[in-house]
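What follows is a pair of complexes built around subunit A, which joins subunit B in one and subunit C in the other.
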Partner chain A sequence: MAKALKINKNTEQGILEFLRFLLENNKVKGVFTLKKISKDGAVAYSLITNPDELNDAVPFYPLMPVNGGKLLSRFTLKGSAKKPVVAVVKPCELRGFVELIKREQGSLENLFIISFTCGGVYPLKMAVDGTIEKNLSKYWDTVKKGEISADLRSACRGCTEFTPYTADITFDLIGNNDLDKKCVVFLNTKKGEEFAKGMKGEFLNKELDRKELEKLKSKREVEKKKLFDDIEVKEKGIDGLIEIFGKCIGCHGCSKVCPICYCKLCGFESSDFEYRPSNYEADFRKRGGIRVPPRTLFYHLGRLDHISISCVGCGSCEDVCPVDIPISIIFKKVGESVQKMFDYIPGKNVEEDIPLITFKEEEFAEVEE
Partner chain B sequence: MKKDDKFMPKILAFLCNWCSYAGADLAGTSRIKYPSSIMAIRVMCSSRVDPILVIEAYLRGFDGVLVAGCHPGDCHYQKGNYYTRRRFVMLKKIVEDLGLESDRLRLSWISASEGQKFAKVSTEFTEKIKELGENSAKSEIFL
Partner chain C sequence: MNESKGAVIPVKSSIKKTIIDLLEKAVDKGVFDAVVIPLRVPAGDSFAYVLVKDKSLLKDAFPLPPVMFIQGAKAVSSVTRLGEGNMKIAAIMRPCEIRTALELAKLGQTNLENMTLISIDCPGVLPTSDFLSDPEKSMKLFDAAVKNWDDKIMRPVCQICDKSSMVSGDLHIGTLGAKKDTFFIISNSQKGNDVMDKLGIALKENIGSWQAKVKNISEEKKKKRNKAHKDLKSKIGGIDNLLDTFSQCINCHNCMRVCPVCFCRLCYFDSDKVKHLSEDYLQRAESKGSIRFLPDTTLFQMGRMMHMSLSCVSCGACEDVCPVSIPVAQIFSMVADETQGLFDYVSGRSLDEPIPLIAYKEEELHEMEDANG
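Let's turn to the complex of A and B:
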């Protein structure tokens, strides 16, 4: 059985062709993808049902306006999609979506997932001031060479999970010198093969080439270590944390954009979270003063406690932070060490339980004293 | 921080209703001595203790936080303490990675018949906290 499909178009045209094929042949009723909304590089996720609207679609655009996993969750929260829809998302967005499904915040039913080996995305600011358009050709050059583009989101520069785990179809972009000539699509699942059936192109028996990916992965590992080492939270203890998070203005933007923070009623935003006069009094007595509003560090540590087990490292939190706190690096650093302990990669497998809702009887005996 | 003999730590203890709280009760009725540093909060199960409560206690200035429940396999609700254990492992890791003092957090299994053990854990933990000194978060203004 064919495992891959070669389309004789460049990759950008290839995916549009494929999406158009799916729509026109009624294989799907809608396409969820990035679409240009202006000439200076602003894009937004859209659900497209009319094939003509695909002309402005830019599925591989190096920008993540909102984590697509979070959007797919909103799309399927109150019930799964009634008709088949294809979604083109980045690997970390897909992993975020899988984590949300595990939390019963979405459904994969009737969703057909296309993903790709991802070269990372630029910070949102670059789409706002239009610099992203100027950087595009540079970006694709580095992707072709399998290198790390400069100016990417810091989370992306140190991202080692850029190959999708659960996509039905994977487009291979990284280290692929022929991006401008041909387009190779890997059909990972039965569903993927079915959808590709009838598409113009050459069916091949080929596997995703891991060599180029491994090469980039080791480059990213080095970059990641550098990013982690620069943070130095561990060395400075509570004073260091206050230094880092003290700048926080309490907008809670990081939690609003986080794909894992899904609660509609967040405890940190409820009136219960507010200090009462007696709390202030107690702190005045005990500490001789208190930052206003209080509990900033508690908010961040609390969030870390809630989401570190499932943090997919998409970097949205840091990107929206108005005071540039390196949240995503801290969360990724702590998250990875927690996930390692449970041998868990968030979003890798939709059947696998979140480590905190399962257990083994014989484990971690050493933690009890 | 220096070791201070006069320093009496404040330790918040989350005790599960069915085992550890009863264990503490037994320590009391058996007139076993244990330090006055322990301030107990009774919870229905150790798995009721959201790690956030522990973090909050730490940031509000408690010198130590003890979470105690039934021995694994003996949970009144069959498996609550297994979940507690995983959460606690996670919490300790987070705290360690942030460079905070994970020694200020302790998880212990104390059954209803282990009054002696409750006293032992309390004493040991208090001694350890005395060595660590006061929780520096207590005097931080800029939390």
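Let's turn to the complex of A and C:
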């Protein structure tokens, strides 16, 4: 039986209480979580060291300003902290971070990870115009009922991986009718148990209720299929791709916010990919006109090639696309099909190698055939 | 250059068609080998710059599309950055795009040797998201706005643009102040004169009516611009307001990536220089109780301003791609007017004017001496 801790506060207060307990008792040096940072209520990831600052923390706020996994990579890239830091991140952010660790872009050392069963997040636009604030009570209602909130990021509406795999501690939100009354925390690892030691509350032997999670998962499966089918119709061969990506302006914002795209300088922005006058002249032997700058579609295919095995479907890319290309669904769809081939779930297990960097002899034989 | 003379071109079925006919003629006569011009993409939901060699493609071209998906100087730079090549190329773009091409030439990022830059009177462009919400309707709205030279539906920075007819390329197509069913072609360089000469079009007509109309519009816009900047300054002035203004910024750097002036392959703010030890982050957090992570969001904006405001042409590309709707082009245009004003410099006005911070004047050194006693 896994261990659990029941805190006699509502879930929102419960996590703040827990984070405060960790800071005040010197169990951690800092808290990485979402926080309100301005008078107009902008929410951003923050690194908090003073317990008083937790008053403005909003760990479960349904927004992902930046994929937290990408940020944890930045935090640990040049070496871990000397003392533990606790991070509250969404399951897909944690998975993104794990994929980055596999690529030597971060470390779990001295990081204590809290995650939760995630109801999804709203698009950035809705944070800016204040709709999230207005929607909050409705959002939590649907989370309690284990339903899909309307207006979520499309990637979230079709997300079936909303339960964290490798968190030290999991807060139970989905299908939890008692969110407003009590707070149940699952201590998944030894680290989790140690950190929770001394916290006021009741320690129980209890497992995460998978029934409610399975129910939501099947609803999300239906939604995902709809989203994928919708893309498929449009995605017919090269013409279909040109149709979808024709409006791309080449800002590469999608790669910049992607938790998997960690390259300091993307190949598509490097001098290798720059056209010389001779390239243009050579192209003109084949066609009468060349889009400039060139290689609009090629960039997306290249990015798919590079990251689809590790795509966690967080939806950050689509949220920053200035021309509304349904890019997160395309990447998720391609990603899942590639991942299925290798029976791989990105970010599930930090020990598991990325399929494309491991060599299996029988795969070589498959290619021969 | 005889600046008060130009050509009056009779319009056949439409201005667009007439311009395209002229371009076709120029390609036929070998004046140009290729043309950089916006084409509508197959899905119809965007316009892309295309380097066109096969003149049959020109019939689908839009010399003045309703949107600016990609800033034209980026297209010009992509074609010429690594040398002039053998092709003589004409680029048809908006005045702010031409001005940027000139700035990029000064920064060594374009080679304009074989390039003829042709600008056109610009009524502004629609915000990209407005266009995308209904492309067909947007086309109609834009056409109507062009007729009345009405800027209400355009990008906010277009509404306060006082340089929408600025001639700094080789040739300019002037539609303002022209008699019915005609437009002007104005030459601004020897290269422009040569092109017109080869096309057999004389530059001998009076363009006074265009000049008067342009002066009128740009003075009016200048007033509007100054007022808008003043209002903006009172809203975002001071460090607290500034931090609030950029509080939603998610560090995606989209603004920098679409900025035609920000040409660095690897921005300082994406480099290792801004990647710190976790202990350093924690130390910073401790000094304030908490820090936003990543920190230095506003520093990026200020750094970018420092680097490029002297060359900023207020095209508005940055604001259009901001996922959290920060009025970044309006802010940058305000700062740009002030920094450029300090040096009596106008970005992209002329190739002959060096960018102030890369030109050295001896007396400026004395100014510094004086300032430090």
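Here is the rule we go by: the second predicted complex is superposed on the first by the 354 of 369 C-alpha atoms of A that agree within 3 Å, B and C clash if a C-alpha of one lies under 4 Å from a C-alpha of the other, contacts with A are read in each partner's own complex, and residues count from 1 in each chain.
Going forward, a residue touches a chain if its C-beta (ideal position, glycine included) is under 8 Å from a C-beta of that chain, and two chains touch if they have at least 3 such contacts.
Just so we're clear, the structure is a prediction, and the values are computed from it rather than from any experiment.
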Figure out whether A:Leu100 sits in contact with subunit B (first) or subunit C (second), or with both, or with neither. neither
On the superposed three-chain arrangement, identify whether subunit B or subunit C touches more subunit A residues. C
Contacts for A:Ala42 in the overlay, against subunit B (first) and subunit C (second): which applies, first, second, both or neither? second
State whether A:Val58 touches subunit B only (first), subunit C only (second), both chains, or neither. neither
In the overlay, answer first, second, both or neither for which of subunit B and subunit C A:Gly250 touches. second
Should A:Ile242 be classified as contacting the first partner (subunit B), the second (subunit C), both, or neither? both
Quick one: classify A:Ile309 as touching subunit B (first), subunit C (second), both or neither. first
Have a look at where A:Val292 lands relative to subunit B and subunit C in the superposition and call it first, second, both or neither. second
Could you say whether A:Ala167 touches subunit B, subunit C, both of them, or neither, answering first, second, both or neither? neither
Residues on subunit A lying within both footprints (that of subunit B and that of subunit C): 242, 246, 287-291, 294, 296
For a test of understanding, state which residues of subunit C touch subunit A in their complex under the given definition. 34, 36, 39, 41-43, 45-46, 48-54, 56-57, 69-70, 74-75, 78-87, 128-129, 132, 243-244, 247-248, 250-254, 257-258, 265-266, 270-272, 275-279, 281-282, 285-286, 289-294, 320-321, 323-325
Given the complex with subunit B, which residues does subunit A contribute to the contact? 233-238, 240-242, 246, 286-291, 294-298, 301-302, 304-306, 308-309, 333-334, 337-338, 341-342, 355-357, 359, 361, 363-364, 367-369
Interfacial residue positions of subunit A with respect to subunit C in the complex: 29-30, 32, 35, 37-40, 42, 44-50, 52-53, 65-66, 71, 74-82, 85, 124-125, 127-129, 239, 242-244, 246-247, 249-253, 256-257, 264-265, 269-271, 274-278, 280-281, 284, 287-294, 296, 319-320, 322-324
List the residues on subunit B that touch subunit A in their complex, please. 51-52, 55-56, 59, 61, 72-73, 79, 82-83, 85-94, 96-101, 106-109, 121, 124, 136-143
